[in-house]
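Let me give you the structure first, and then I'll get to my questions.
By written order: A, B, C and D. Residues from 1 in each chain.
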Amino acid sequence: MPKQENCRILQHQQIASTVFKLTLSSPNLCQEAKPGQFVNIRVSSKYDPLLRRPLSLHRIIKKDNAFQLLYEVVGKGTAILSQTKPGDDLDILGPLGSGFSLPSEKQTIILVGGGMGVAPLVNLAEKIKDQRPKTKDQIIAFIGAGTKAKLYCEKDFKQIADKVLISTDDGSHGEKGFVSDLLYSRLTIHDSRPASIYACGPYAMLEAISNIARKNKIPCQVSMEAKMACGIGTCMGCVIKTKNGYKKVCDDGPVFDAAEIIWD
Amino acid sequence: MGLKTEIAGIKMKNPVMVASGTFGYGEEPSKYVDLNQLGAIITKTVTLEPREGNPPPRICETSSGMLNSIGLQNKGISDFVNLALPFLAKFKTPVIVNIAGDSPEQYAKLAKILSREPIVKGLELNISCPNVKKGGLQFGTDHDATSNLVKTVRKATNLPLIVKLSPNVTDITVIAKAAAKAGADAISLINTFLGMSIDAETKHFNLGAKTGGLSGPAIKPVAVRMVWQTAQVVKIPVIGVGGIMNGNDAIEFFLAGASAIEVGTANFIDPQAPLKIVKEIEEYLKKHNLSHYKALIGKVN
Amino acid sequence: MGLKTEIAGIKMKNPVMVASGTFGYGEEPSKYVDLNQLGAIITKTVTLEPREGNPPPRICETSSGMLNSIGLQNKGISDFVNLALPFLAKFKTPVIVNIAGDSPEQYAKLAKILSREPIVKGLELNISCPNVKKGGLQFGTDHDATSNLVKTVRKATNLPLIVKLSPNVTDITVIAKAAAKAGADAISLINTFLGMSIDAETKHFNLGAKTGGLSGPAIKPVAVRMVWQTAQVVKIPVIGVGGIMNGNDAIEFFLAGASAIEVGTANFIDPQAPLKIVKEIEEYLKKHNLSHYKALIGKVN
Amino acid sequence: MPKQENCRILQHQQIASTVFKLTLSSPNLCQEAKPGQFVNIRVSSKYDPLLRRPLSLHRIIKKDNAFQLLYEVVGKGTAILSQTKPGDDLDILGPLGSGFSLPSEKQTIILVGGGMGVAPLVNLAEKIKDQRPKTKDQIIAFIGAGTKAKLYCEKDFKQIADKVLISTDDGSHGEKGFVSDLLYSRLTIHDSRPASIYACGPYAMLEAISNIARKNKIPCQVSMEAKMACGIGTCMGCVIKTKNGYKKVCDDGPVFDAAEIIWD
């Protein structure tokens, strides 16, 4: 069950100029959370900013009863968050949302992360690896970013995945170009074993990945974003258009079958 | 402890309700709060037919407030009666159903249907939603339309009628008096202010529907003023809504003349807000040596 | 760089003015900002006779906003002409004098007196002050009264007339159209929202006058919406006011349809706000490769 | 001239459970400031709280080009302020207001401070001592508080003043009772040399002191408080009632001749 709880900050590391890794204590979250789920954080007791901020579960560290978030400072909410220190408590709602559906049969797991979109995929990769240590399933991670300095979690993926392919828009690391182009160019390489794509990143990237998946008839799950008010499914504020009508990102998602989404 | 009350004939264990549209039909919030501790649950606006609502984005944060343009998305009255009410029936808390329609007749029809449901203890007429072309603001900004609407619904049901007013008017007291005279048992105010937000970078409206309703602490001063004005001209209870985040805010509305309050946006920021508010009111009463919160109503000086 | 403009026939080096009542008559703020860098200075409301204003407290902070109940305290028109104008004459910036009265005739009389002062480049008619019993809101919330007032002043002066509207109305476009038809050269909006705040502990009104006007970032979404609505129905320029704190806020108003903006409450938080806003607009134009800010007006999509 | 400037925090000490002493760098302020003046501080770049917070100049430390503030955390603005650290910059307007009129002839200087009202009186006492090291003028400080733990600056006054008299409402330190009562009981002790009273503290205390001064025909200056918006004299928000009409606390004050004020 999701909970509202005050989670103690255990660690707060700056891992790049605007990116932070936050480690929080919560036995409940560790117990309950599935990859692809998120937490909704109250960053300030003042009313500006007013709303909570959603962040994906980046890693679960069972042995410490802790979980990690990986976030970029993009505005005032995340800026305030970045000022918090170990020992502080944060008012957190979670775990929220549906999460990724894990593969039920042996297959090639294709992770595609753009920018901060890598955050929940690490959690997913670790979970898959955990659950199926002995299968021969390949995990292939495609990670992309605008430039080398903005490419995160390369090391994490290298530890977990069988293969890590990298692209940057400016070619400063890995292939030059979008990660969706990289995926497209490498898809044919894979054998005909069943495969699934799990993608998280900017809207345009997810749309491109979704098209690639459709053309290649590969099932594809995408983690979507929307502005949220409640994060728990009551306000109907975070909807996106799907073939089955408006669906709530916080509740029906954030992970959706890419084929269900009406991209605009 | 000094919180029991009766509003429009509806018995409540305390005067803290949850505002329509900010608590769904109670199911999701029930994971975080004990519904039995609430004064009443006011359900998200239901209409006769399903409504798909407005295109996204539907939410935009503003300074100490938020805009929403949900547009009354709901699955219609039969779905509500069949699925939402049975869930709510599991609790002892009075259920007040907030309804809207395109015409007085639709409101009346909804009222009739809901009158048959024993767990429904009252109706709140949403004549103030700024997010729909029909069935919202056009009633709540005109005193004749308000009067006519309330009279029509009054004839259709014996349920207590709370009329929820819009702040988007020149003189709230005119509309309030019209509603009272037409047979309302209580007035609730305020619904949201019509607002807009534009992204300077992209030049796009921040809401798919262009405009939305402003709620939250930003609007509290106007809500308090309107409650104060209204409480002076109507004899029926006034229910205060608008930016209530904590116990002191609730007290402020009581002092201004509210007989009860509704907690809206605060539910998003802190699902436990309504219960914390109940506790904080209790603490205030203790501190100020008051045996009942009613001693506060209208007592500003 | 792309900021020169002319509003209601008043030439300005940029479209950033300071709002009435938030900049005095320029003297105190001149210690912190170079008045020559402003688009225009709109002076605090002046009336025919001195007014002592409302009893304190007159200020109350609210979430992302503030209430004020100054009540048009001022020393009257002759003091203004003799003391304030000579100070302002030292600067090149156009001076727009904001006036109010108890009757259309008083407004007209003020207009006549000010027409004789060459440094006065325009008048802003305050028909929207919520803090006085007479001479404020009662004009600005009725389209006939607005029309009558503007016509009367129009006859008394050739100075450009900006009519400042109140947000405390059901439909801002009705009042705006009335003002435009009656001869206004521009519309400015919004003045403050009537609000109230109560101290839960003491049970006292937080303002001596009980109610006050709400300003600041809290009201920006409503101001943007009203500017957007108004810009669509009048042909004269619309000047946006309400919660503008930075360059992006100003851009938001331009996109909504404002031809210029006024900075109010921000002057209290940061006396240099208007100049910072000018700079931030310039940076925005550069970043977006625009040669003039006018390319933004009404361009929301 | 007053200025708007970013002042660097040099030191920030917690001197009691809710009271802080903040040392800031500003050559301009050191140069310009008079006792009784204040600064108006922007405590947050967010809009909640929105307005600046006024604090009196507590001490000027010329040799360091620094000034000190002494403040109590009473609400959200001061709470945010208390979180700032040495090295941070604060956006400050000042020096503002009129300040105390210094005695022009030899006399007994009677300082009366209640609660945090002691803050500007230290500055005043130091200035008087500075300017007239060789006069025989007595400085007598009356300081009061609710209870011992809330009595501040006793040491400071003991270093500067010739006599320090103390009262606490609960009698936990010094005389039991209000500082105004203490003043009243000791006034007769003084000789008939000219004297002036300088008082700062809660409204009720200032009113009482003002009455005592009037009855004893002693000139009395009081430092008043009011909610402020601008702090620089433009908004007319901070007025108090005086015999000469409404006057602005930020600009005409905060120091007023007690005889001018209409107490209510």
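The working rule: a contact is a pair of C-beta atoms (placed from the backbone, for glycine too) under 8 Å apart; a residue touches a chain by one contact, two chains touch by 3 or more.
What you are looking at is a predicted structure, and each value in this text was computed from that prediction instead of being measured.
Set side by side, B-D and A-B show the greater C-beta contact count at A-B.
The distance from the centre of subunit B to the centre of subunit C, each centre being the mean of the chain's C-alpha atoms, comes to 34 Å. Remark: subunit B and subunit D have CA centroids separated by 47 Å (rounded to whole angstrom). One finds 36 Å separating the Cα centroids of subunit C and subunit D. Counting partner chains per residue, subunit A shows two or more touched chains at residues 47-49.
The set of subunit B residues that touch two or more partner chains comprises 62-65, 216-218. Viewed as a network of touching protein chains, the structure reduces to a complete graph with every chain in contact with every other.
Listed in rising order, the residues of subunit D touching subunit A in the complex are 44, 46-49, 76. Residues 1-4, 42, 47-52, 91, 93, 226-241, 245-246, 251 of subunit D are the ones that touch subunit C when the two sit in their complex. Contact residues on subunit B toward subunit D in their complex (touch as defined above): 63-64, 217. The touching residues of subunit C, counted against subunit D in their complex, run 21-24, 28-29, 31-32, 44, 52-53, 55-66, 68, 70, 73, 216-218, 245, 265, 267-272.
On the side of subunit D, the complex with subunit B involves touching residues 47-48.
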